[in-house]
């Protein structure tokens, strides 16, 4: 599970980097604590980060279970796809001229493949 | 841990389904990206989903630790209770005529039972 | 991993306690469901809780991997630092006269140390 663990740590590092960018955006767009709404520029950073937290809630148990029950190299590869998709998503959401859809679809496809393959292996092992 | 893993994958699938419904609600109630406030109908979907993410943060480590240290069938059963509670919660929150309290209480009771039983077993094992 | 598990359960218990305080603040500041904005007092509780969920997304996989690959007592100690930092953060954010920065820095330093030490041990084990 070393490869899976390394990819998980990369995903967490990327997320911490997104968090730092939200803090910087709060200063740059001059949004006072505790407010999160009212400024389109800041809201894009805030929402791109929050959505990443919401997808990590799926990603983290899915990659761990998939690496353990299905195949650790497959899970690590899906993890890299998720990280790449999230990078695209964050850039697409924070730039009003770009689009967040492709990045979202790439990352969530990796999540869904890990969930379905884990369900297949665990359910068939009980039959 | 196969039963625990299957229940975790069911909880993640339910959550992905909630995510899809938030995306649809954004279109149906015509709420522009990145805004999340100002429309009661959309906010109900958004908040019901966000609250589920916030409870999964407790559920996922709790069911894993409870399944490992306490009993995997007990943890899997508590996981099904959590999923049922969350289904009730989502329906209760997104419908202005219904109530979200019962679903919340059911899901969170399962979480608290898993935390307390895990604490009991791990602490007593060290005595 | 008993010590790591006990510290994780403590962190979840602290977070459930924060959740209860958000619910109470909704009543005290009279903020109607599903609204989350418009009242500074409530927003401070809401945001302090939400930010804790966002940091637990890093903390939970980091302490588990660090406890498994690096050292379980080191991970448990970092976990106690995280819980202490989050307690300071929550008090600092919900009180308009205090500051949330120190608590955030303490908790996140523990997270980053766990990520970096896990990366170091897992990457060098593959060389």
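By written order: A, B and C. Residues from 1 in each chain.
By our rule, a contact is a pair of C-beta atoms (placed from the backbone, for glycine too) under 8 Å apart; a residue touches a chain by one contact, two chains touch by 3 or more.
The model shown is predicted, which means the values in this text are computed figures rather than measured ones.
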Rotation in the CA alignment of chain A with chain B, degrees, nearest 5: 120
Homomeric contact chain A-chain C: same or different residue positions, threshold half: different
Distance between the centres, which are taken as Cα means, of chain C and chain A, whole angstrom: 19
Residues of chain B engaged with two or more neighbouring chains: 37, 53, 57, 60
For the chain C and chain A complex, residues of the former touching the latter: 37, 40, 43-44, 46-47, 53-54, 57-58, 60-62, 65, 69, 93, 100, 108, 111-112, 115, 118-119, 122-123, 125-126
Chain A partner contacts - residues on chain B that touch it in the complex: 2-3, 5-6, 8-9, 12-13, 15-16, 19, 33-37, 49-50, 53, 56-57, 60, 64
